[in-house]
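Letters A, B, C, D, E and F mark the chains as written, and numbering starts fresh at 1 in each.
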Amino acid sequence: MKKKIETVQTLLDALTYITKFRGDIIVVKYGGSAQTSDSLKEKFAQDIALLKAVGMKPVVVHGGGKSITSLLDELNIKSEFIDGQRVTSKEAMRVVEMVLSGEINKNIVSLLNSYEAKAIGISGKDANFIKAIPKDEGRFGYTGIIEEINPSIVFNILDDGFVPVIAPIATASKLNHPGFNINADLAASKIAIALKARKVLFLTDTEGVLDRDKKLIKTLTIAKTNELIKEGVISGGMIPKVNAAIEALKGGVKKAHIIDGRLEHSLLLEILTSSGIGTCIEL
Amino acid sequence: MKKKIETVQTLLDALTYITKFRGDIIVVKYGGSAQTSDSLKEKFAQDIALLKAVGMKPVVVHGGGKSITSLLDELNIKSEFIDGQRVTSKEAMRVVEMVLSGEINKNIVSLLNSYEAKAIGISGKDANFIKAIPKDEGRFGYTGIIEEINPSIVFNILDDGFVPVIAPIATASKLNHPGFNINADLAASKIAIALKARKVLFLTDTEGVLDRDKKLIKTLTIAKTNELIKEGVISGGMIPKVNAAIEALKGGVKKAHIIDGRLEHSLLLEILTSSGIGTCIEL
Amino acid sequence: MKKKIETVQTLLDALTYITKFRGDIIVVKYGGSAQTSDSLKEKFAQDIALLKAVGMKPVVVHGGGKSITSLLDELNIKSEFIDGQRVTSKEAMRVVEMVLSGEINKNIVSLLNSYEAKAIGISGKDANFIKAIPKDEGRFGYTGIIEEINPSIVFNILDDGFVPVIAPIATASKLNHPGFNINADLAASKIAIALKARKVLFLTDTEGVLDRDKKLIKTLTIAKTNELIKEGVISGGMIPKVNAAIEALKGGVKKAHIIDGRLEHSLLLEILTSSGIGTCIEL
Amino acid sequence: MKKKIETVQTLLDALTYITKFRGDIIVVKYGGSAQTSDSLKEKFAQDIALLKAVGMKPVVVHGGGKSITSLLDELNIKSEFIDGQRVTSKEAMRVVEMVLSGEINKNIVSLLNSYEAKAIGISGKDANFIKAIPKDEGRFGYTGIIEEINPSIVFNILDDGFVPVIAPIATASKLNHPGFNINADLAASKIAIALKARKVLFLTDTEGVLDRDKKLIKTLTIAKTNELIKEGVISGGMIPKVNAAIEALKGGVKKAHIIDGRLEHSLLLEILTSSGIGTCIEL
Amino acid sequence: MKKKIETVQTLLDALTYITKFRGDIIVVKYGGSAQTSDSLKEKFAQDIALLKAVGMKPVVVHGGGKSITSLLDELNIKSEFIDGQRVTSKEAMRVVEMVLSGEINKNIVSLLNSYEAKAIGISGKDANFIKAIPKDEGRFGYTGIIEEINPSIVFNILDDGFVPVIAPIATASKLNHPGFNINADLAASKIAIALKARKVLFLTDTEGVLDRDKKLIKTLTIAKTNELIKEGVISGGMIPKVNAAIEALKGGVKKAHIIDGRLEHSLLLEILTSSGIGTCIEL
Amino acid sequence: MKKKIETVQTLLDALTYITKFRGDIIVVKYGGSAQTSDSLKEKFAQDIALLKAVGMKPVVVHGGGKSITSLLDELNIKSEFIDGQRVTSKEAMRVVEMVLSGEINKNIVSLLNSYEAKAIGISGKDANFIKAIPKDEGRFGYTGIIEEINPSIVFNILDDGFVPVIAPIATASKLNHPGFNINADLAASKIAIALKARKVLFLTDTEGVLDRDKKLIKTLTIAKTNELIKEGVISGGMIPKVNAAIEALKGGVKKAHIIDGRLEHSLLLEILTSSGIGTCIEL
């Protein structure tokens, strides 16, 4: 009987969220273990398929991570670094694009297709969808920052009933220019803004944002987040994540979530339960 | 952690059913305690609202039960009985219609309206929606059996986004005829058939169909049900219920459920969990 | 030949009015003898069917009159009176609703259905269509005055090709509240305003508004009507009628007619002939 | 009071016919006095406007009669005759077309425009709408018989809300061919068939078809009509009229009427009263 | 090879113009030799058909010229002249209309029909499309100047996929008025304005506007054109042409062209080549 | 003047073809010099943009050629060969996909975007658009042959107004399978069939099919082509091209063209001139 009450509670919760998010666009930044473990990949595909089946409109933005580095190594392309950040040379840019648009993007498309979430993969070059300019006046080579997003192609894909899978490559709108390499977290935020998405979720390899005692913080405001950065509680690789989250919130996205991609079905748990499983940041 | 796994299981279950029943018509025969207890009424309204919100199309068919008897008594209208079944006299018919179409129907409409499941109440007389003829060549007076259902008015109400609430009164298609009093369980079955409903559920004041040891039987076929009737395991008031269920199944409805209306949120539990809570009868 | 000229004149007249009122909503307050005499009922149904067939959109609002009183008597429900007006107690309210929504409303629906004017009966509770508040701060119990009308359900019924038949019961938008009893004349006026009706017609048991010499006045303005009230020429039961008419005109309805429901086909004669048969009040 | 009863009867009659013919195409062959008397012309235009206003779709086919003869005379173009029928020479054909398409057609268009029946005039050459071949292998010169009608242009005009006014000129579908002169009665019948018209009416300068005692025959069948021709009761100029009528009926038009164009509003009287005023021929 | 390069150049040119004018309305004033030579007529029809086939919307406005004069002569209708301009008497007006609407208009319609450019001929009387008032307070009789154009009938014809062919006759919007005779060049300009046409082209029997040395001027502005008139370089019959052109430009038409109708396919050459063949006047 | 006549001839020709191919799908296999020379690339993009602008629907299918080989070399991936054909190992397949879907596909998309022919790049994995099975029972590793094409995604892209650019990679419809490498010529043919294309054109680095004397053959039938193969006149690399062409013709494509991609604007010249510039093969 107690189990029945819990089941009812889970159902009431989930139905409420399903009703609330019906027809809404949900941008998911896909990366980390969830992108590499075979078992987690399948759970992820299943979650995307179910969210879509109950009426939401998931959009996947992915990074490339280790595959890019390993192909650069295989090809003996050396990278220069400024302040610890890689400078994308022309040679490297070719590799970045091949890996992101040609390998990883199509792998995710195939994965989702297997789970009845028919997907179409695009990069920011398709229909000149994402336009970028060089970061820091070109100090980082072909690493770019987004200048403009024309989301109509993504709306078309959604209207046709497919899940858009987006590689974070941008066009330079110049003939014979190789295009730009874009940070995937920032791309997800900018795309979420352009699509007027309800939520953006970042799948990471941590539990979420942790407090001084390394315990998960369930909810944060922008102000509180900035405070934690200043205090050094949020540090390292988490800083760009929360900054991307804040960017999205300032652009009109209602909620940004940093969740644990190592946990099975973390997407469902975060979106459809009132307790959630990661950190939710709001205005 | 164990709780999270259970939650995920409940979610996967529910999402699968929601996907499966999206856009499907679900006919609910509403009666018994669920119709009289204030607390159960609210849970019922909440369930209907949620089923509708996630994309199903619930249709409510109600009976009148005790209210009719009590108004007949107040008015000193005596009833004749044949084989234990009430004969509906012309005087009684007026009372039956006033209670069903004028009191109970509008009460349910108001109840659902309060829970964001905007409802419209009709009887079989509206648009001549349900046509009947006298039962047993008139031995039961104005008690009728359904001859024809023209469901287009119900489809219109569904298309306009409302929950149809139906009083089991039928038209005789004759000028100045008072119409017919219809058994609500049979009306629910016939309406489910005419609407090509996916499911019909009967809310009762029992756990469901019980076996010889008074334990709930989870699933039944028509054949097995008939056997249990013959053996006397199914008896009394349960017989007309299962007969109505069988009628619906023979007319093309996929599943008929007899569930416990005394249990809170029994509709959600039966429709959205794989274990269910009552008896499900299939072809 | 003279007859042919008259026929031509009648046709030219009628065609002009049909052209003028094509697609317009015409609200008819149905009551009095036209609602009780079998022969007049049929003529009324025929008129509604023909008006609809030639392109107008009739909407019927009905009262309950004697049926309510007689059922209250049968049930020994005593009524308190203030200034000659009945106070609707909770017990009485139940009777009012049963008679209006359950008996009379469905009778009219059946009547119209027999004359190819397919009808759907609703009360103000359906889809929370009419919201009311207590009259005079509750001195009259559950007698209400209309606060808000959301006409979309009536437009839906009209768009689906049916004649809406409306019982003057309103919702209180509160859980477990029995709703309100509304004056049918005023309900007709308010509904005509909300529907942006072209005309509202009140079927009465008099010839129309009479002058000092008891002769029918064909046309009146609001100003002239008020004058006649002040002078005592309009008195008694006619005062609430003309007030309802004036209310409609002030709300934007073009013309309000008070006509003799005892005359066969009075609706056709008033709407489709230039001489008319009753009193027409304009701004 | 007696007058009111007659008015009601006329209204009930007319409303029934209006309902019956709503949306139906009614082809009117316009000619004779109705086309020449200024007073009758206005009545005709008024009738067409009213029929259109109440939902029918009138289509006017006209002849040219005396205007053609008089212009031929003015231009000293002599005509050859075979069996009393004029042979259309090339010179005459030019005159026929100028008078029909350039003078009479535009006069009727202007007339109808003045009565709020916005009209568009076309001939069979527009969009190659009527194709003809020479009559009797060319013995009658450019007098043609209709081979094919492509009515889509007329449907377009009707859909755009205009009254089509058609000059009985046909195309030969050959470059530099002057086209064909077509008998207007037969053109009306063929057009009525091609448009799947409900009725075709021929305005003539007689009362209708008369019996042996010169009294009007109200209704005829094709069989009876042929009998009357054989017996010589129908003779002279009435024969081609009834033959055109029979042609239309055989092609699927429900009723063909031969009516007195000299009578004011004869169209209304024939179409909207049960007694009618001319002769109605049915299958 | 050189030929291939020229072909490529012609194609690139033409494709650019086709793309630019896709969906645009092009008004062509048709007259002169192009209207009388059998060979030129066919080339004209072919050009109109091709312009239409590649997506433009040609509209033809025609004059009547010599045919009117010759029929007036045949009928011995004498004309009065004021300042060298013909006064249109009532008798002459009948002839003008018969020739324009009945003869020439239908000839052009038949011609275009033969070249798969399905055409519909109308005059300003159809649907009261062009309204005029007397020129110079009636000094020129039934010669009128355009007061108002309601282009919806022309848009309907274009939307239905036909080429509109327009006779320059206008309605007076008065019962029994014969209408007005309109200058065809001015009619073309006014129609182009009312249709928001991209271009208006005047087919003439000259090369275009010539300079002092009788050499063709390729492009002109309104200012330069007025200068040339003042200087007497533009004179005689060319003055009304350029004035009609200027009228169109002032009304919003982008370009007006005066081209040589004696040259085969002059329409194609002017519209689809960058060099053009006549004079193009712009704001 | 002679030049004008030639221009007119070119225009008449081109307009006829434009009319004929309006709305038709034209599949272009893009490869060879046209894909590598910067100048030819721009001409190609211009041609595609113009064909699209005048109403055709170009679809580009590309190969990868030398880029694949060079990346394989850089990565030291050795290839096995059977009968001179490369066997695609799993390692090679990764490179093939990265180059085709990630590098070349997006380069072409960017190129077309620069010329106002907004393009979207996809591979056969997107929406599981092209399904393949191993060639010769797997002897060639991950080289596949097309089993099924579901063209709806390409129709969506065309309907949205974009040029589809297709990489010849197919899905295996199996989880974790790397997919298949498909011959681009055959892919173009199969896609042309699935899209019910009017034409398929193969851009090559030869003039077209040559006869025994090395002179271009303008038109061929399937029969004649097979004969030339048997006689050895068609040989070497031209054999798979003509076989792909024949495959398309047998599948319902009207014409297959083998044209010289080294010639500027060869697409326009072949499609829009009656002389053409390459070899056209028909049934």
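Everything below uses one rule, namely that contacts are C-beta pairs under 8 Å (C-beta built on N, C-alpha and C of every residue); 3 or more make two chains touch, one makes a residue touch a chain.
Note that the coordinates shown come from a computational prediction; the quantities given were computed from them, not determined experimentally.
J.: In this assembly, which chains make contact with subunit B and also with subunit F?
T.: Joint contacts, listed by label: A.
J.: With chain centres defined as mean CA positions, report which chain is farthest from subunit F.
T.: Checked the centroid distances; the maximum from subunit F is C.
J.: Among the chains, which is located farthest from subunit A on the basis of C-alpha centroids?
T.: Farthest chain from subunit A, going by C-alpha centroids: D.
J.: So which of B-C, A-B or A-F matches C-D, with over half of the contact pairs the same residue numbers?
T.: A-B
J.: Centroid from C-alpha atoms only, then distance subunit A to subunit E, rounded to Å. What do you get?
T.: 62
J.: Express in whole angstrom the distance between the two chain centres, defined as the mean CA positions of subunit D and subunit E.
T.: 35
J.: So which stretches of subunit D touch two or more other chains?
T.: In subunit D, no residue touches two or more other chains.
J.: Round the ring, starting at subunit E and heading to subunit F first, what is the chain order?
T.: With subunit E as the starting chain and subunit F following, the sequence is E, F, A, B, C, D.
J.: Flag every residue of subunit F that touches subunit A in the complex, lowest number first.
T.: Answer in residue numbers: 38, 42, 74-75, 94, 97-103, 105-106, 109-111, 113-114, 118-123, 125-128, 153, 156, 160, 162, 169, 171, 173-177, 179.
J.: Report the residues of subunit A in contact with subunit B in the complex, numbered from low to high.
T.: 3-4, 6-8, 10-12, 14-16, 18-19, 22, 46, 50, 53-55, 264-265, 268-269, 272-273, 277
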